[in-house]
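Chain IDs A, B, C, D and E follow the sequence of writing; residue 1 opens each chain.
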């Protein structure tokens, strides 16, 4: 087995091995633990950098291992995989830094960081999965590794949320499994191949393929929080902030959305899916989710819950882009995979900072927080404006392409959905910004844990990550047209998926 | 002639008998080291036998130099070797576990080593035997060893459980023996090889098959004949529970596979297979539900065995009267489930034992604080749970995958519903334990430590269940090479 | 157990009985007949009595495992947990004592005869062992033997000796080409040796099934 | 097969039935020993003298003795319990 | 009908009788008796059916010798455990079957001399 075929495995292992090591560390070894974490994060980035360079030079990175006769575990580095892997690895680095700051002095950190690393491993595996079985494997690993993170605090509320989370995700996993096995039964090994692998099947399997599509989407839709399968997400907000950040920006919901992208483009093939008339219902489901999520967000006073409902809505932009038949819509969906991640993680980092520094958990407690914590509030503002879709931020790029894609696909009502959603986004974000910047601060904050020291409004490890990701939100929007940006990759991917496309 | 001196198949039977006898002579509470050497050698023998079968295929060994039907033959094929490997690789870590366990808690361990030696010899002999009457003797050997081990816990519940177990196992082997008698009467031989071309749908043969099947169902504790299992497996000392749940019930299941898909294949009907499948489905649902309702940790794990046994029996409807592809899938899935359950259930009982040693009680509510104090053991329990839930990557998942594939291939979607429901229910009972263990220990209660050896051996078994999921192709290839079916 | 269940079990058993009888009545002739083959190979077996030849040679493996079963039953009883050793629990009937004195040596003789006879006519290790055991039980009832629930080393050696010898012969058979294969000229002697060992151990084990029983309140009352 | 076999078969079934049905366990055990001896005769009728010997010695003799022993224990054993035993904690 | 077949039929009846008794009789001693009876039934079939052409067959005879020893071993273990249970609980009835024991006793008082319900 050559080095190149082992590289994808190494990318996965670069978080798994440190994770395992961390499990066995004594609670007090925080320096070694942090070193291991950061070493893993940087090693992963280095490996990814090397693979990106190799992909550019037409090298193939595929790891194959036979698990059962006719069933292979395949990890490979294709364009779509690299997009998601890079996003995960970069955001993992920031989240790790943030989490080290956030959990300073709290109990059970070895367990936390252990599962945290496994969770990232699962995400990277989901990204690099080369066939549906491998995808399923890491998808379920993700469920298992996030459960301990959700219930980390061990409170009654956390355990209840954990139950709900498990009930949803395991049931979703079961449905996904049935769909996967069925598809393997019909089509043999279901590899992810650009353009899809099913269009050669005989016509009489079309009804079965439709049912399988439904099973797969329902299974994936649980994690992607498609309405009405989204019930677990707001409840899971009891988890510590770094967990929420990662869950929302990269790991869980994104794994679901990414899975939908894979299924539509690389299993069914977008053109074949269109032929089977599967895309329009998917677009409708996404549209309903977008509007419903935004509406519910409007009525949440709890800051993290508001953000959670915002996630429900925003992740479906990806699904919507996927369901719009035409390369432009695809670009919108795929690029939002990255953009939503960057923006949402910024918002969650900031929400965590407010809670950790001043004890603010509710929107109604945020009056004047911009004066006490200007940098965090600035980062939060950039994220919020990005979500609303204000140019030239990342969110604007996504929405622009989605809108154009809708026109191209000939579904103009999607434009209305986008407009309504943006208005709702504004309606639930702008009041927060208004309170934070323009209202008078109260005499005392709810619970001030960390006092300001000179230039640092809060702990350094907490402040830097959101600032960096906020800057990224700005930069990927501003320089969207240059090469090596998410948009550039999204265009590359879209160009490959539409093999027979004649606009 | 010298070539036979190192015949691994013969030594797999002789060796455990020898160390069991020696351990008996050594006396109560002794023989651990001897047994461990024996178990280690047994693992090597099983691997060597597997290598031979892989390279040379299946072969038979006429005992005493008398070929069947006059004499008794040992048949070494893929299926037998896979089961022998399972026994050897589960028994070795369990042996290490037991030594540490009885070091910490000597109660019930006085005659553990000779009894478990005979138990393992009986398993190996059963897996190798190709003679219906000899199989009866091995079944009795196995049953009495298992009952003796169960009773060793010594308290009232354990003795009652052992008696119930003994009566059930005697009734089961009695029914089997009667079947053997009918077969001998009909054909004049009990050699499987000699019978294979003769079997026809005589009334006496059908009755014999029915009696043998019912006997084996009773011994494997298939719902609704499972009544004896939970008190016995839940009431025995932990190393014994692990042995019983992981290995002993697999023996009668193996025998059933051998008969149903072997000599009796010409007369096995789809209707009967569906009936067995329905019982299996009942076991999955009923066992899981009752597991969820238990308040004692080991009873929960024992009921989980009742449920997991159900999956084993889905092989019968999924592989009887279906297309060859579906049949192969189901067959492989059933054996994979047997292997995965052996590793996972041994790990789970071992982990439960470690928790009981640490907390000093067997109630689930008493597990608060275990997560903080015994993270490794909790992790082991969770890993074993992953296999039982059938989540990837694990042997349990591979089994479920193959069984699902068979169900879809043969268009029997109703078993899919059962399997999925069972998976979710098993998640419910596994997480019931994990959830409790995650809770902080209430003030005043002290969770002690468990010996490191207990934790590590349990972990090794649980990891085995996971590795089986990643390297499942190897045992299945062995199964194929040895012409298991 | 509900009445309904009882009635259905009775019904099922009746059906079973009818089915068994019916099935046996319509049985065709068996295609394989072993008695001829046994008779043909009897010369090679080392003994002249067919049942003994089957028991200790052709199907000697069954017998090996069967002795293990017996030993195991004793082990199971020991493992089930018994109270500490007590002296003979009750004063025996003087008649019984006299009987035991007379009969016990006679029974040992009978056992010896049965063992020797097994080679060419009905009899053999198991019957001989049973008679030995009966002698043991008689002695126990007469108060000559103590109950034992933790057999001492020498007793354990004797209990296991018969089986161990058989096991050794089984393993040595591998040298001659198969487990339990006897070398041709010495088969008869080997079988006799095995039977002698078995008689002794079986007698002890079977007696042990009485003597190693758990102590009961009766014994306690006597102590 | 002759009248003797018929009688023997009837006796076998009857003693087995009564042994199981007996509410007095001592009676049941004695009936079982009778059953074992009848079995030994049946074995002899089947030209199986080895089994006849073994059945008489082991099946009827040993098993019967074990059963009677157990019945004896049962008769003595039940009494102290009924009076409320104190020493059974061991 | 050959003598072998005749005794095989008797064996079938004994087996059914034993199975019923083992399931239905609540007392452990009765269950152990029932096990021995069903075993004897199986032995009779093994030898009888094998000899239904009239020639003695040493193979099943040897098997039955083995079977008898196995049965006595199982019986001894069962009785020892039953006695141990008597020691620990004061009775020789498995938990859960006690109610049936009493119910049965009541039945028998109601209809004295009536046979057991377990039987063919």
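Everything below uses one rule, namely that contacts are C-beta pairs under 8 Å (C-beta built on N, C-alpha and C of every residue); 3 or more make two chains touch, one makes a residue touch a chain.
Note that the structure is predicted; figures quoted are calculated from it, not measured.
Undergrad: Tell me which chain's centre, taken as the mean of its C-alpha atoms, is farthest from chain C.
TA: The most distant chain relative to chain C turns out to be A.
Undergrad: Name the most central chain, where centre means the mean of Cα atoms.
TA: Of all chains shown, the one whose C-alpha centre lies nearest the global C-alpha mean is B.
Undergrad: With centres defined by CA atoms only, which chain is the most remote from chain B?
TA: Using the mean of the C-alpha atoms as each chain's centre, the farthest one from chain B is A.
Undergrad: Counting C-beta pairs in contact, which comes out ahead: B-C or C-E?
TA: Answer to which pair has more contacts is B-C.
Undergrad: Would you kindly tell me how far, in whole Å, the mean C-alpha position of chain C lies from that of chain A?
TA: 72
Undergrad: Using the average of all C-alpha atoms in each chain as its centre, how far is it in Å between chain A and chain D?
TA: 76
Undergrad: Which integer distance in Å separates the CA centroid of chain A from that of chain E?
TA: Comparing mean C-alpha positions, chain E is 67 Å from chain A.
Undergrad: Measuring from the mean C-alpha position of chain D to the mean C-alpha position of chain E, what distance in angstrom results?
TA: 10
Undergrad: Counting only residues that touch at least two other chains, what does the list for chain B look like?
TA: In chain B, the residues touching two or more other chains are 133, 137, 140, 144, 147-148, 151, 159, 162, 182, 185-186, 188.
Undergrad: In chain E, which residues are in touch with two or more of the other chains?
TA: Residues 8, 13, 15, 17-19, 23, 43, 45, 48-50, 52, 56, 61-63, 65-66, 68-70, 72-74, 76-77, 79, 81-84, 86-88, 118-119 of chain E touch two or more partner chains.
Undergrad: Among the residues of chain A, which ones contact at least 2 other chains?
TA: Not one residue in chain A touches at least two other chains.
Undergrad: Which chains touch, pair by pair?
TA: Every touching chain pair, ordered by label, is A-B, B-C, B-E, C-D, C-E, D-E.
Undergrad: What residues on chain E touch chain D, complex-wise?
TA: Its residues touching chain D are 1-4, 6-7, 10, 13-14, 17-18, 21, 25, 27, 29-30, 32-34, 36-37, 40, 43-44, 47-48, 51, 56, 61-62, 64-65, 68-69, 71-72, 75-76, 79, 82-83, 86-88, 90-92, 105, 108, 115-116, 118-119.
Undergrad: Can you list the residues on chain D that touch chain E in the complex?
TA: Going by the criterion above, the answer is residues 1, 5, 9, 12-13, 16-17, 19-21, 23, 25, 28-29, 32, 35, 39, 42-43, 45-48, 50-51, 54-55, 58-59, 62-63, 66-67, 69-71, 73-74, 77-78, 81-82, 85, 88.
Undergrad: Residue numbers of chain B touching chain E in their complex, please.
TA: 133, 136-137, 140, 143-144, 147-148, 151, 155-156, 159-160, 162-164, 166-167, 170-171, 174-175, 177-178, 180-182, 184-186, 188
Undergrad: Would you mind writing out the residues of chain C in touch with chain B in their complex?
TA: 19-20, 22-24, 26-28, 30-34, 37-38, 41, 57-62, 65-66, 68-69, 71-73, 75-81, 150, 153, 156-157, 159-160, 163-164, 167, 170-171, 173-182
Undergrad: Under the definition above, what is the set of chain B residues touching chain A in their complex?
TA: Counting only chain B, the residues touching chain A are 332, 371-372, 375, 379, 382, 386, 389, 391-393, 397-398, 400-402, 404-405, 408-409, 416, 420, 423-424, 427, 431, 435, 438-440, 469-473, 476-477.
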